[in-house]
Amino acid sequence: MKNFTSVADVQNPIALINEAIALKKNSSAYSDLGKNKTIGLLFLNPSLRTRLSSQKAAQMLGMQVMVMNLDKEGWALEWNDRAVMNGNKTEHIKDAAMVLSSYFDIIGIRCFPTLTNREEDYSEHVLKQLIKYSTVPVISLESATLHPLQSLADCITIIEMSKSTKPKIVLTWAPHIKALPQAVSNSFCQWMKALGMNLTVTHPKGYELAPEFADGIPVEYNQQKALQDADFVYVKNWSAYEPYGQTPVVSEDWLLDEKKMHAANARFIMHCLPVRRNVELPDELLDGKRSLIRLQAENRLYSAAIVMKKLIENKAI
Amino acid sequence: MKNFTSVADVQNPIALINEAIALKKNSSAYSDLGKNKTIGLLFLNPSLRTRLSSQKAAQMLGMQVMVMNLDKEGWALEWNDRAVMNGNKTEHIKDAAMVLSSYFDIIGIRCFPTLTNREEDYSEHVLKQLIKYSTVPVISLESATLHPLQSLADCITIIEMSKSTKPKIVLTWAPHIKALPQAVSNSFCQWMKALGMNLTVTHPKGYELAPEFADGIPVEYNQQKALQDADFVYVKNWSAYEPYGQTPVVSEDWLLDEKKMHAANARFIMHCLPVRRNVELPDELLDGKRSLIRLQAENRLYSAAIVMKKLIENKAI
Amino acid sequence: MKNFTSVADVQNPIALINEAIALKKNSSAYSDLGKNKTIGLLFLNPSLRTRLSSQKAAQMLGMQVMVMNLDKEGWALEWNDRAVMNGNKTEHIKDAAMVLSSYFDIIGIRCFPTLTNREEDYSEHVLKQLIKYSTVPVISLESATLHPLQSLADCITIIEMSKSTKPKIVLTWAPHIKALPQAVSNSFCQWMKALGMNLTVTHPKGYELAPEFADGIPVEYNQQKALQDADFVYVKNWSAYEPYGQTPVVSEDWLLDEKKMHAANARFIMHCLPVRRNVELPDELLDGKRSLIRLQAENRLYSAAIVMKKLIENKAI
C-alpha cells in the first residue's frame, strides 16, 4: 500500500518536485484523472491552508471530496488496540478506518501531537493506526511529528526561486508565546537531507530538534552567524524535544528583522503560516520583498495535487 | 409526497433489496440520473457512516450534495407549532423546512431521540414536523425510533450472505455503559417482519422492545438458547422502553464470544457500528470470520443510493 | 477590484434586479459559466439561507464551492494591522486573505457586528480588512451593517409582486427579546433609496436607524398610520443605533396582526428570516396569503447567482 506520510515514502524527491512544477504550469490538464474517485479529508485539528488546498487539489484532478471534522462531526475515536471501550470513546479506529476505506479511494488525515507524551507522538500512533486499518492510501495532512505536504511545497518554492544549484538554507527558531509542534521543522530537515541540500539549523540551546530527523544537520547557536549569506531563511517556532513539549525561557532576541537580514547578506524568508506577526516575524519582513510566504501557500496546491495524482495513477510517489 | 422514514414507506421491500443489489453491481450506471438535483443532508447529531455514505450515494447518482450541521451552523430550531418564540430558539421548523424545500430536491435528516420523553420520541415529533412543512421528499438518516437506511443495508447483507431462503436470525441485546436509542433494533424488527423473516429477539428482562415494532416477534430470554443454530446474530444495545430510556442493571453476562457462538452452532455476527469493542462485542468476534460489519457498512452506500434513485425518478420506493 | 458589499457597489440596481429575474426564468443556462472557478464561502456566524443559497447559486453557475466556518475550523483571526500577536489570535487576516486569494476566484464572508463598538462596526472593519488584503472579489454574506444579498432578493420580490410602478413600502420595527443587528434594515433602506422607491420607516422613538443609511427616508412613529395603504410591509427588529446596540423598553404594542393590516388596507408582509414567530410576527400573518417570506427565500438563489455571474464574467455589477 502506498501512503504519503514523509519523504521516506517518496522514491525520488527531486523528480517529484519537478513533476509538481510541471503540473503547476499545466494544472487543468488532469481534470478527468480522478473521475469516479473520492478523497476523504479528515481533520482532528484546525486547518486553513491544508483544508482548502487539499480540497482544491482534489477538484483540480476531478475527484469528489468529502471533508469531515472527524471527532466533532463523527464519534470520539479510540486509537488503542484491544481497548475495553468503557470510557468516553465511542468508535474504534479499526472500525472507522474500515468504513472510510469502503467509501474513499484516498484518505487524508490531520492529527497533531499531544506534546505531552513524546513516545506516543514520535511513534505516530494515530497515523500508524489509521494506516494499519485502512485498505486505501493515506496522506498525512500533518501528523504528530511531520508535515510532508508543507515540506514538499517548501521544496517546490526553493527550487523555483533558487539562483544556484546549491543554495544556502537556514532553518531558524523564532519566538512564540506557546508550545508548538516540531512537525514542520522536523519535516523540513528530513526533506532537505533527502535532497542533499545545504541546510544549517539555528536555535537557542535547549531547542535541539529530534535526532530522528535532524541528525547530521549542522547546528549554529549564533543566529546572526548562521544567517550569513543565506539564500533562504526558514523561520519557525518549535517547542523543546527534551524536556518534551516544554518552552525553556530564551533571554536573547531571536526575532529576525530587516537589519539582521541585511547585515548577514541573507536573502529570502520563508514561513509555513499561520504566523504570529511581530512575535515570530515582523511585518517588515513578512510584507517585504524577501517574503516567499505567498508562493509557499500557493505551492501547497501543487504539492497536494502531485501526491494525489500519483496515488490515483497508482504509481510510486 | 414520497418519503423514506420506515419500511412502511416501502411498497415492496424485497424488490427494493434486490434493486439495491443490482445497483451495487452496476454502480456507475446512474451517474447522470441526478443531474441538476440537489440533496441536503442535515444533522442534529453525530454521524460517520450515514454522513459519508449518503454523500457518496448522492454523488454516485450525479446529485449535488450539501451537508449541514443544522443547529450548530444554522439557527436553533423551534419544533412546536404555535410556539411563542421568546426563548432560546431562533427559527421555526416551519420556516426552515420551507426554505430547505426551496433549495433542495430531497432532504435527509438525522434527529436522535431525547430518551427522556417517550411520547414525544415515539411520535417522531421532529421528523414529522419536518415532513409536514417540507414540500420535497424527506429521507430519515436515523430518527428518534427508527433507522431505515441501516436496516435496508442490513437486509441487503443478509440476502447477500444467506445460504437458505429462510435463515434463522437473532437480534440480541448487548451490554453498554450508557443509554442508547432503540432505533436500530426497532427498525431491524420492523424490516424483518415486513420481509417475513424468521427473527427471534433475546434480551434481559426489562429490555422489552417497543410493542409498536416488536409485537409478534418471539422473545427468548435465554441468550444461549436463542442463538442455537442462528445464521445471523444481530448484536445491539438499547435502553429500556419502560421505564423509558433507563438502563436497569443486568447481572448476567450478555457479552457474546466465540465460545458461545460455537456452542450454539451460530454463524454470522452483525452490528451497525459504532461498536464499543470489548463492551458490546469482543475483538475476536468483530475481527473474525463471522463478522459482517464491513459488508454492512459498505452496503450503506447502496441502501442510500437505491432510495435516492427512487426519489429522483419519482417512483414508489 | 469589484466587490459586492452594498448597493453602492452596483452600477445600475434596477438593471441588476431585472437580470436576476431573467436568470430565474432560465436558471440552467449558465451551468458552464463558472467552470474551473472556485468560490470560498466563509462564515464567522450562523447561517441557513445564506449558506445554502450561496452554495446552490454557485453550483447553478458550475463553480466549485468550499464552505468553511472560518474561525472554528481554521485559526482564530487577528484583524488589526501592526498587531503584536501575543494574545489568543493565531493568524492575521492579511495572511489568511492572501492564502484565500490563492485558492479562490471569489470569496464570500459573513461577519456580524459586535453591537458593542459602533465605530468599529460601522467602519466595517472586518469586511474592509478582508477586502484590503484579498486580491479576488469579495461578496458580503451579511456584514456588520449591511446585508446586500438579502436586500437584492427583497427587491426582486417587490418588483415581481408589485402591481404599480411606485408601490408604497413600509419598513416597520417589530418586537424581539434580544438585541439584533441593524444590517437588514440599513441595507433595505439603502436599496430602496437607490431605486427611488416610496419607503416610509416606522419604529418606536429611540430606534432611529443609522443616518448613514436612513437619512432622507420619512419616519412615521405611529405604526398604524404608517401602514395605511401600504403595498409591502417589511417587518424587522433592530437594536438602537444610539445608545448603540441597546434595546430601550417599548411599552406600546408593535406586534402586527391581521386586524391591523386589514384596518390599514395594507397588503403584503415581508421578513428576511429567521423570524421568531408570535414575537416578531404572528403565525396568522406569516402563514397567510399576505406573506412573501417563501418568495423572498427562494429569490436569495437568484440574488446570489446574478452577483456571482457578474463577478465570473468580470463585468460591472
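Read from first to last, the chains carry the letters A, B and C; within each, the first residue is number 1.
Note that a residue touches a chain if its C-beta (ideal position, glycine included) is under 8 Å from a C-beta of that chain, and two chains touch if they have at least 3 such contacts.
These numbers come from a predicted model, not from an experiment.
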Graph class of chain-chain contacts, one of line, ring, star, complete, other: complete
Chain copies touching (subunit A, subunit B) - same or different residues, decided at half shared: different
Rounded Å distance, subunit A centre to subunit B centre (Cα mean): 40
Residues of subunit C whose C-beta touches two or more other chains: none
Contact footprint of subunit B on subunit A as seen in their complex: 36, 38, 40, 64, 66, 68, 73-75, 78, 82-86, 89-92, 94-96, 98-100, 102-103
Subunit C residues within the subunit B interface of the complex: 28, 31, 43, 46-49, 51-53, 55-56, 59, 69, 177, 273-279, 283, 286-287, 293-294, 297-298, 301
